[in-house]
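Order of writing sets the labels: A, B and C. Residues in every chain begin at 1.
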Amino acid sequence: MRTPDFDKFKPTRSSLAARKRTDMLMRVLIYAAFLVAVIPLVSVLYTTIVHGITRFDWYFLTHNMRGVVGGLYPYGGILHAAVGTLEITLGAMVISVPLGIMTAVYLVEYSAKKRLHKTISFFIDVMSGIPSIVAGLFAYSMFSLIFGPGTVNGFVGSAALSILMIPTIVRSTEEMLSIVPVDLREAAYALGVPKSRTIVRIVLRTALPGIVSGVILAIARVIGETAPLLIAAGSISSTNFNLFSGRMTTLPVYVYNEFQQGMASCPAGSALGTDAWGVCVPGIRMERAWAAALVLILLVLVLNGIGRLVAKVFAVKTK
Amino acid sequence: MKKLTADKLFRWTATAAGILILGVLAAVFVFLLIQASPVFFGDRAAAEKTISSFTGGRTTSFLAFVGPLIFGTVLASGLALALAFFVAVGIALFISHYAPKRLSSLLSYVVDLLAAIPSVVYGLWGALVLVPNMYPVWQVVNAVFGWIPLFAGPVSNPPRTVATVAVVLAVMILPIITSMARDIFVQTPLLQQEAALALGATKWEMIKLAVLPFGANGLVSASMLGLGRALGETMAVLMILSPGSTYGIHLLTASQNQTIAANIAAQFPEADSLGVSTLIASGLVLFVITFIVNYIARRITKGGGKLTFRKKEKK
Amino acid sequence: MGQRIDVNHLNVYYGDFHAVDDVNMVIEPNKVTAFIGPSGCGKSTVLRTLNRMHETTPGAHVKGEVLLEGKDLYAPDTDPVAVRRDVGMVFQRPNPFPTMSIRDNVLAGVRLNNKRIAKSDADDLVEWALRGAALWNDVKDRLDKPGIGLSGGQQQRLCIARAVAVHPQVLLMDEPCSALDPISTLAVEDLIGELKDEFTIVIVTHNMQQAARVSDTTAFFNTQGSGKPGHLVEMADTTTIFSNPQSEETENYISGRFG
């Protein structure tokens, strides 16, 4: 064996400088990457607030779009869409929260090594990958076949959103349940507490803040869904309180509809400008779209905030 | 005795919930197939007429109708992934290895905020803010890279093009890839990072030697999940893109491509029953594509990383 | 070949926590110096300051100086990356790069500087380093197999080969045998005896028999209790430390009455 000539492997001044340069370049690129991500975030929030604030008022929140024509008074609002979003989301919760939590209980507590565990787990993954518009088609097809073709109402929307919510809830609940220490379960069994009581009283109780937080975050995720509701719940200009009959506008669909209709037509000779009796506002639809988008963002951010807060404040210390 | 029945009841309820999910998924999938079937097995002439009306008389065959849509879907999402991937890896590294500890949780929150914004808001922002501002950018891109067919002219103004759509889609999938990549990067064994540094590696060389190889599988899997999301995204595409139905690859030219999801949303309100069937059939195609992409992602994750970790814990 | 290290008034802090208090010592070239002491006494911390590895812990910083052949490692114009090239390190647990072959593991260090190394040069270096780490005969037929396929003791020797391949002047070893079985430990200990011809070696160990077996000089560190800084009690020839220590603290520790 020859002793290697170590001078060959010694760093030269230029190679060291080149390495330093690469290191610096990558550092700059990595910092830049972060800035690149912040730009759209700031831009989206900024434009939504600036454009949305003009029409974001009590009138806007408490009126629907009934009798709203072109850019003339009445200027319309989102009451019907807010009601729709509330009811459809509640409907989706009623379906997916019990189903999701019980499925997670089954996966964590009952089925550890069974084949059914694998199957369900696999299909939960499949479900979480379903594109939202396909979820809308799913719900639409199902209700069309059962209740007659073209069945479109709030509850169909709820069903579509459930398909998107269930996997999120199952996964987050699963995670929370598996954090609950085994000792706690064993302590309960040792006292002769039956399994179901142990799960309800101890495991679910301990995991509750995490589960609630997961549910809230799941709601925040689906509350902004547009495409499935466009198909499953449609839209309407008046307020519909009945979840099970008739079309129902939701906030995201409202944003889309307003945007889609473009500039408002103004009768010839009418005064143009901002709100006043008899004045026509040509850009009113965009203003409404932005204002509704602002409401939507606020809703999502508040839900996210609450979700995180619940998880943080009520968290059971596991260590 | 009474307690034992309650015990069983609870167990059955839990099991039933799990099975119900399987049942619903299966049923709904069957319903979709039934709803889509008239396109293939029903009145041929009527089906051809419907497809012809969807495509402006261009074709009467379902495959020729859905082909350009598949192409457009893959093109826009692939481009979005290409744009988002490096930025996402950069941000993830920034959070995991460059930013001070206190800052990094705040930064993670900022990234999560990006994920929380509803897609319709991104669509609105893309159509009303980004589109007017991107024209000069695309002109420059065209001037510099115009010799590559992808960036060949003419540059449409307003740029309601695949390129602009891809930018918005990239922003939307950025948080998905970033948060997964960050979770993996912070798990890189300290020992391997120290091994690299002790050999005289710079920070970037340490990342190349220890962090990136450790996270490689996870990055692929994260990209696939991001791609899956982009493939199914409807609103941003619907609100920004000026649709066309060609196999065109000129990203800067409008009215070339359309995606499956946006096409469904655009045509659905006016479609008759056979039209709905056609759209549902195209939705099934989209579902199959996203299923394959997501399946690949999960397979890769199962090989190493989080899922195996979780299984170990259960034992 | 090995170089001498002078440590003057070294204090180490983790944020506000004073971890090591005023260490002064001379580490002789081409000798094996062992750091011993109870856990929390700062021996590993001091070791890591000798190639500035402690800086990877956020908030860690030092006061005082560490001179390598008279050159201050903490001078403002000194690059920590260059320091670590001159002062190599082997860790508690074997940590070969899992995605790399045995050969690539050995070459990982030199490849940082030279992207293109002639194959024959690389072959020579790999053989030299692996022979130096007493691993050549075990692995010469499977150099392209992954390094994590080896046994724990072989992996640790691979890590030693990887560290010596960049040809540093000093080799730091942080409890290199703590994760190994007795036979592998013996192999690594024998290796340390051979390596000192080429390198200055500093080894941290919690095993006093090991310190007695492998080292020429021994430094004993101690602490007054948790939360108190660690300090150097005494440093002398290994035989002196184990047969005739100056300090009662040292005597108590090595006779097993404490720690």
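FYI, a contact is a pair of C-beta atoms (placed from the backbone, for glycine too) under 8 Å apart; a residue touches a chain by one contact, two chains touch by 3 or more.
None of these values were measured; they are calculated from a predicted model.
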Using the touch rule stated at the top, which two chains are linked by the largest number of C-beta contacts? A-B
Average the CA atoms of each chain to get its centre, and name the chain whose centre is farthest from that of chain C. A
How far is the middle of chain A from the middle of chain B, if each middle is the mean of its Cα atoms, in Å? 15
Mean-CA-position distance for chain C and chain A (Å): 52
Find the geometric centre of each of chain B and chain C from their Cα atoms only, then give the gap between the two centres in Å, rounded to an integer. 48
Give the residues of chain C that touch two or more other chains, as numbers and ranges in rising order. 81-82, 85, 112, 166
Interface hub residues of chain B, defined as touching at least two other chains: 202, 205
Where chain A touches two or more other chains at once, by residue number: 19
Quick check: in the complex, which residue numbers of chain A touch chain B? 19-20, 22-23, 26-27, 29-34, 36-38, 40-41, 43-44, 47-48, 98-99, 102-103, 105-107, 109-112, 116, 119-120, 123-134, 137-142, 144-145, 149-150, 163, 166, 170, 178, 194-197, 199-200, 220-221, 223-227, 230-231, 252, 255-256, 259-260, 286, 289-290, 293, 296-297, 300-301, 304
Which stretch or stretches of chain B touch chain C in the complex? 100-101, 189, 191-202, 205, 209-210, 213-214, 216
Of chain B, residues touching chain A in the complex: 3-4, 6-7, 9-11, 13-22, 25, 27-29, 31-32, 34-35, 86-91, 93-94, 98-99, 107, 110-114, 116-125, 127-129, 171, 174, 178, 202-205, 207, 225, 228, 231-235, 238-239, 261, 264-265, 268-269, 273, 276, 279-280, 283-284, 286-287, 290-291, 293-294, 298, 310, 313-314
Complex interface listing, chain C residues touching chain B: 51, 53, 56, 58, 81-82, 84-85, 88-89, 91, 93, 95-100, 108-109, 112, 159, 162-163, 166
For the complex, give me every residue of chain A touching chain C. 1-6, 8-12, 15-16, 19
